[in-house]
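What follows are several structures.
Note that chain A is present in both complexes that follow, paired respectively with chain B and with chain C.
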Partner chain A sequence: MTDGIKPNVWKVGIVAETRTETASGRSILLDVPGWGGNIAGQHADVRLTAADGYTATRSYSVASAGPGDRVQLAVDRLPTGEVSPYLVDDLIVGDQLEIRGPLGGWFVWKPEIDGAEQTGPVQLIGGGSGIVPLVAMIRSHTASGSTAPFRLLYSVRTPDDAFFRTELTEPSRGLDVTWAYTRRAPDGWPRPAGRVTTADLEADAFPASLSPAVFVCGPTGFVETVANALVELGHDPSRIKTERFGGQ
Partner chain B sequence: MGIISRGFSGRSREHNPDLPPGQYLTEDFPVLSAGPTPNIDTADWEFSIRTEFGAVHSWSWDRLHELPIDDIDTDIHCVTRWSKFGTSWRGVSLDTLFADVDTSDEYVMAHSYGGYTTNVPLADLLDGKAWIAFEFDGEQLDPEHGGPARLLIPHLYFWKSAKWIRGLVMMDDDEPGFWEQNGYHTYGDPWLEQRYS
Partner chain C sequence: MVGHVDGNVLAGPLSELFQFDVTTASARCVSCGDVATLACAMVYVEPASLIVRCRNCDDVLMVIVQEPDLTCIELRGMAWLQVPR
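After this line comes the complex of A and B, so read on.
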């Protein structure tokens, strides 16, 4: 992290743009003076304050990466959630909220480490809104002109449930995207709808023999299944980084 | 007071004195792990404590179960902001396991199967504050939640309660473990909101 960036200090974010991503989710672009950039895969705390001083804070992955004070979040509405319904349904351009970060140094990908370009293959595997930190890695990969081969396996219920669909449908050079639909696939789609299996990973992910760095993010059950299958396929557990969400 | 969020009222108005600051209550038991879940057979399982003098005290699965087993009812608090009240566990107190351990070191690094580590002061493991737990809610502890056995230190954020515990190594200084090297607080008291370093 650059000197002068204070990830632990609450900052004010001003909503610059919101975009509907799915029926239950949207992305939010914030201007956060003092943010100072982030590494792909890091997250942020968002704090809401009610008129009587009551506060609620949740962590969200950051979809943007690189330098600057523009931060993009993408949030899925949890029906019984306290913060996500507000972020998805109520927040409008010009609103302010408090944000703290960037946080976390584990589930991250950097185009270079200590001046050395990272050229090893990277396998990204996302379920639902678990795509958010992976999109940050894809954007970092593109923006840096990285030559590291990237593959994404993205599991969503239906085509309408994909976050960043346009961006991922026309992937940049050096990125292969495989879509796995679990409930409904588009007409004529070669793979029948169903959960990601060991066979999918064998067919579409970088093989263990290439020792890819693997990032898996999604709901707990998805991450558990995928990570176990990867180990079964011979991937070194220490090369597999996971991030799970559960609770609210 | 911070920026007022226009139109935000929040869900819960009641102050719950058992809920640390910045936490919310959940009925679920969310999972947080940095990598795949290791698969450990209890036949091969061993737990050890290693001191600065090179002494190694170790227990097999069967030997651990011959020790006095506590029933533990406790609240747990995860740094990702969920808290769960009234969880019930069974396990062996670290007081029992440290009874014959001779050490003057004040810090401990916990090591897990799968390579996870976390640091904790010895004082936080003793006096009825920590256990090696192997049952949750009357069942064998699920691998996702750290089975066959995990460290249980409920008064600290739950990342300190290392899943898949394999051993404790005494240290004369406080060295950071896995999450502590990745931006999280070295001690992790939920009541002081010691989330990040």
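After this line comes the complex of A and C, so read on.
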């Protein structure tokens, strides 16, 4: 990122737009002066302060990538959460939000590194709202005209639980998307509803022989099951990057 | 928060203290000798603290306690920390 960008400083974002993604989740577009753009896969901390001074801070992945001060977050409501119900149900256009970032340089994909285009295959595996940083990578891939082959395996409970559904149903060139429904699949769907298994990964993910870069994001249980299965299938653990957001 | 997350979550809180991105730094576990990027560590988020555990042996690598007027970092579980330049 360019000089003068201070990821560690709390900034004030103004809500420019909200979009309903699912029954329990929505995305929030914020204008954050001083944000200065981000690498695909990075996250932000959001801090809420109550009238009595009590603060609650949570990390959320950023769905947007590239330059500029417009930031898209996507948030799923946790029923017992302190922050997510406010972000999903109460926040309206024009509201202000304290935000810190962009953060984290590990769970990221860059179209080029030191001037060299990254052409190696990339396997993205997301569970539920774990799709958010992966969507940023897909957008970065598209925006840069990257020739790296991209595959996405997206696990959601039902078709109604998919974030960025329209965008992922009509994937851009160079991206293959496989949907795995865990509770209810659309009528006539070839794969019966169920959790992602080793067999799914063997059938639908780039094989270990191609040595893909793998990014797995979702609830902790999902991430650990998938990462273990990938290692079982021969993937080099150092090629598998994971981001867990808790729960289950 | 239910269960644990991982070291990616350390990026924000530790950016207040360090100039480098801790998530890309590597640490060696004193207990088992495993060397891993801190992003790969297991992190248990408590109301006023972050408990960072080794991905391999589950021993504590680091504890970050956040008080209103200070932050305390216990680093006993790390033999060293390597920071990419």
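In this text, the second predicted complex is superposed on the first by the 246 of 248 C-alpha atoms of A that agree within 3 Å, B and C clash if a C-alpha of one lies under 4 Å from a C-alpha of the other, contacts with A are read in each partner's own complex, and residues count from 1 in each chain.
Definition applied: a residue touches a chain if its C-beta (ideal position, glycine included) is under 8 Å from a C-beta of that chain, and two chains touch if they have at least 3 such contacts.
Fair warning: this is a prediction, and the values are worked out from it, not measured in the lab.
Contact with both chain B and chain C is seen for A:59 once the two complexes are overlaid on the shared chain. By the touch criterion stated above, A:234 is placed in contact with neither chain B nor chain C. Of the two partner chains, neither chain B nor chain C is touched by A:115.
By the touch criterion stated above, A:242 is placed in contact with chain B and with chain C alike. Touch criterion met: A:220 reaches chain B and chain C at once.
Which of chain B and chain C touches more residues of chain A: that partner is B.
In the superposed pair of complexes, A:105 makes contact with chain B and with chain C alike.
Judged by the touch definition given at the top, the superposed model places A:192 against neither chain B nor chain C. Using the contact criterion defined above for the overlaid structures, shared-chain residue A:12 touches chain B, although it does not reach chain C. In the superposition on chain A, the residues of chain A contacting both chain B and chain C are 7-8, 57, 59, 103-107, 220, 241-242, 244-248.
Considering their complex, residues 1-13, 22, 24, 26, 28-38, 78, 80-82, 114-115, 144, 178-179, 181-183, 196 of chain B touch chain A. Listed in rising order, the residues of chain A touching chain C in the complex are 7-8, 43-45, 57, 59, 100-101, 103-107, 220-221, 241-248. Taken together, the chain C residues at the contact with chain A in this complex read 1-9, 11-13, 15-16, 21, 23-24, 37, 39-40, 45. Residues 7-8, 10, 12, 47-51, 53-59, 82, 86, 90, 95-98, 103-107, 220, 224, 227-228, 230-231, 237-238, 240-242, 244-248 of chain A touch chain B in their complex.
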